[in-house]
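Here chain A shows up in two complexes: once beside chain B, once beside chain C.
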Partner chain A sequence: MSLNTDFMVKVAQTAIQGVPVTLQIVLVALLISLPVGCLFALIRIYRVKGLEQIVKLYVSFVRGTPIIAQILIVYSAFPSLLNMIIGKAAFSINPIYYAYIVFTLNSIATLTEVFRSALQTVDKGQMEAGLMVGMQPRQTFWRIILPQALISALPNITNATLYLIKNSSLAFIMSVKDITAIAKTEAAFNYNFLEAYLVVWIYYLIICYSAEVIFYLLERYFSKFRRSTKKTNLFNWRPLSIKQPEVRAEADLTESERTNHAQNRGLKKRL
Partner chain B sequence: MENIKLIINFLGQLLPAINITLIVSVSSIVLGSLLGLGLAAAKQSQSIILRVLSSIYVSVIRATPSIIMIFVVYYGMPLLFSGWLHINIEGWNRMYFVIIALTLLFSAPVSEIMRSAYESISKGQMEAGLMVGMTPFQTFYRILLPQAFVVALPNFANSAINLLKEGALTFTIGVVDMVAKAQMIVANNSGGYAWQTYCALALIYWVISLAIDKGVTLVEKSYQAKRKTIAA
Partner chain C sequence: MLKIEGLKKGYDGNEILKGISLDVNKGDVISIIGPSGSGKTTLLRNITTLEQADGGHIQFAGVDNDFQKLNSKDIQTIRRNVGFVFQNYNLFNNKTALQNITEGLIVARKVKKREAEKIALEALERVGLSDRRNHYPSQLSGGQQQRVGIARAVALNPQVIFFDEPTSALDPELVGEVLKVMRNLADEGTTMVVVTHQMNFARNVSNKVIFMADGYIVEQGSPEDIFEHPSEKRTQEFLTDILANV
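Let's look at the complex of A and B:
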């Protein structure tokens, strides 16, 4: 068993051209879906008649079907749909636009759920207090509610972004020239698939970790006021202790209970 | 109306391929839970090496796209086996490779779910169990596990649905599951009725994940009812 290292270096050099494409897809999808997700979450929270049911159905559909099926549907339905509107030009559209559509639609659904749970964590008293001191409802939302909700949403947004980055590797099905597609075509010449995919794997690890670090810094910046005094050492250093943010079982404990736990654990070890 | 008729027709053609999807998902859920249990135990263990190794494993798997994992397992495992163990596994059924890849992918989130569920239970429960004279294993099995199960259930179901969706990538290495079948149908119609076929495909997946979701909600409700009776 031996890996063709020369080939790996070559793939690493060519596949790096795909990194901007992947990042572009992720950024466009995130930038569009963040405000729309927030809006949809508000629709669900305030139970806007009619719209609420549509949003509910949409979220449930997108979350219940594999992204590959969504890609296939959009990639097969949109060109013929556009053909009816703008004629033959529809078939010469850069496929990256279809990638934008699919991944935006997909992350809107995830982010709707994220924002819904985040907005519900903010106490109702905050809204009342804001109205009490004479702010408009809209002002209260922008200045009081949203900043607090964002903090509790950030870990889940990180998670959604990671999913988006990982799923963007499926864009090659729409013949978008992203990292995976470039590595795949390179490998097809000599059937060196393993080497190519190992390189791609490393690229995705690097991208995901950088995204995680960026979000970690954001989270630290936004939650300045509730930062704990825990010092960083080798073992709780972020990359080694990355948790699955979607798991929130511990979160419903109160602060005192958590310190209790920590003490008990320490006790158990000493015993 | 025409479209709906077509979708129903395609549903009938796709459904026979569902057993591949179900076999792959169920076996990787079972195997992945076992591996996840091992990982969760490793994270709780006293040895620093085990703890660090398991957390590195979890964070690496978490940043791996599922398609890359499937490809690496599919192309890498035969090389690994022939190089180290001198066994030729090229001829294996391709489903095994998918199951292995999905097991690896599923074990990471499951280990985190199990660990957080275990930690969410107050340590006093363990101490009380030991106090009344149960053995540690009995306490874990009778007291801690049922409580942790309820805590873990929603997240576990969520991960299972994710796994089901990732399992749709099986077709990329040539297993004839529902997605591959749908593509064949489209090819047979020379590219026609593409979106109707894929809509039928999406509908099947939607129904399965809705069923999992509803089932879990029911189980949770029954547990909560029991809890209330005890409290009253």
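Let's look at the complex of A and C:
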């Protein structure tokens, strides 16, 4: 068996038209679900009466059902629903809007839990300190709590985004012309399925890797307050050593301060 | 200046404070000592409205009301006139040492940024940390963090500063630098209420010592009274215990 490379190049050229579609789905879903997820997390943390139960139920519904079932339900339910309201025009709506709906609803549930755990990692002493310098709870939340929570949420947001990118490939079921859908159609012409799927594979790999890099840079930029003064590089990075790396001598610290400094850092790292 | 009467607080039917009355005058340095679980920290947290007391009356900064009837304006007034130094520092982790101090000034007091930075620098100078102004809390030692914590409280120029076991979370060798800063504040006439296990501080720096046990003030008086000739048996026992361990 040999790969038909000419065909692969051809598929790659056609499937690239699907890249913006995939990115659109991901971006729309993320931009809506980030603030809404944060809001839902707050509803759960502050146990807002009535709403709390609704959010809980919503999250379990989304998490407890396969995304493919959600897609099928939205794709069959919404057009008929709209049909009752706006008539026949409902069937000519671009299916990408259904993709937006499904993936947004899905991400909201994931991100609600991401934000909930992140907000709870912020020590409650931070709020108390804010109140004791005279700030209102709301001011303390926006200026102190949320920035810290967002940073601890970033690794999980990255994770959720990567899942979202990969899940978006299921949009072909709704006849959205994304990368997967285009490649599948191409493949069906000549029965060169493996070649087409390899192209799909590479495209998703590139998109996911780029997303990973972007989030990594964001994380590095925003967590400057968590970094110790010493930078880790390839030469002093000892991932397997049990001992914590030694602290650089700082001339302006006394011996005792230095010891304490080292302990503090060690603790932070272990946490 | 600050007058508390009959302050009560309980959790799930378990009474922690059983009617505490306290008078703080301008320039006072009051040390509150006592065994753990006696309600010292709870007392500070209730006076400063971090927790809501079940009963009692407060007279402070123009507020003259029962604790249960404090409205949000009263609470804001009280909070704006006290400073609080926490046991585990509670510096804003996402702010530098300088920003930790300017935050309250700019956001709560509406001080101009430049002015706030000037005040903050002066405060850092007073605790000997002006060279660390751009360090984040994670880059400071425990003692330095607590000194920033004190500077943060001082910069707001409150009527009274509450210290909740400010040295308890520190390594023994770092306690000294924090106590030195506190002693300087006391010498400058800052009104302070300090919950502490540092008997030397209570004895040498404060002008009044309160001994608490089981939710009551058992005894209060000048440091000499409490340390030289305590009249209550409970106080004697506590002091014998704690001084034996020094």
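Quick notes
Basically, the second predicted complex is superposed on the first by the 227 of 271 C-alpha atoms of A that agree within 3 Å, B and C clash if a C-alpha of one lies under 4 Å from a C-alpha of the other, contacts with A are read in each partner's own complex, and residues count from 1 in each chain.
Going forward, a contact is a pair of C-beta atoms (placed from the backbone, for glycine too) under 8 Å apart; a residue touches a chain by one contact, two chains touch by 3 or more.
Bear in mind that the values here come from a model prediction, so they are computed numbers and not experimental data.
By the document's definition of touching, of the two partners only chain C reaches A:Gly134; chain B does not. Contact with chain B, but none with chain C, is seen for A:Ile67 once the two complexes are overlaid on the shared chain. Comparing chain B with chain C, more residues of chain A are touched by B.
In the superposition on chain A, contact of A:Ile144 is made with chain C only, not with chain B.
In the superposed pair of complexes, A:Ser210 makes contact with neither chain B nor chain C. Once the two complexes are laid over each other on the shared chain, residue contacts for A:Asn167 go to chain B alone; chain C is not touched. Applying the stated contact rule after C-alpha superposition, one finds that A:Thr121 touches neither chain B nor chain C. Using the contact criterion defined above for the overlaid structures, shared-chain residue A:Thr185 touches neither chain B nor chain C, since it reaches no partner.
Contacts of chain A with chain B, set against its contacts with chain C after fitting on chain A, overlap at residues 252-253, 257, 261, 264-265, 268. Those residues of chain C that touch chain A in the complex are listed here as 48, 50, 76, 79-80, 82-84, 86, 88, 90-96, 103-104, 107-109, 131, 136-144, 152-153, 156, 171, 173-174.
Within the complex formed with chain C, the residues of chain A that make contact are 123, 125-126, 128-136, 139, 143-144, 147-148, 151, 224-229, 252-253, 256-257, 259-261, 263-265, 268. Residue ranges of chain B in contact with chain A, taken from their complex: 46, 48, 51-52, 55-56, 58-60, 62-68, 71-72, 75-76, 79-80, 82-84, 108-109, 112-113, 116-117, 119-120, 122-123, 151-152, 155, 158, 161, 164-169, 179, 182-183, 186, 194-195, 198-199, 201-202, 205-206, 208-210, 213. Taken in their complex, chain A has these residues touching chain B: 1-2, 60-61, 63-70, 72-73, 76-77, 80, 162, 165-167, 169-170, 180, 193-194, 197-198, 200-201, 204-205, 208-209, 212, 235, 239-244, 246-247, 249-250, 252-253, 257, 261, 264-265, 268-269.
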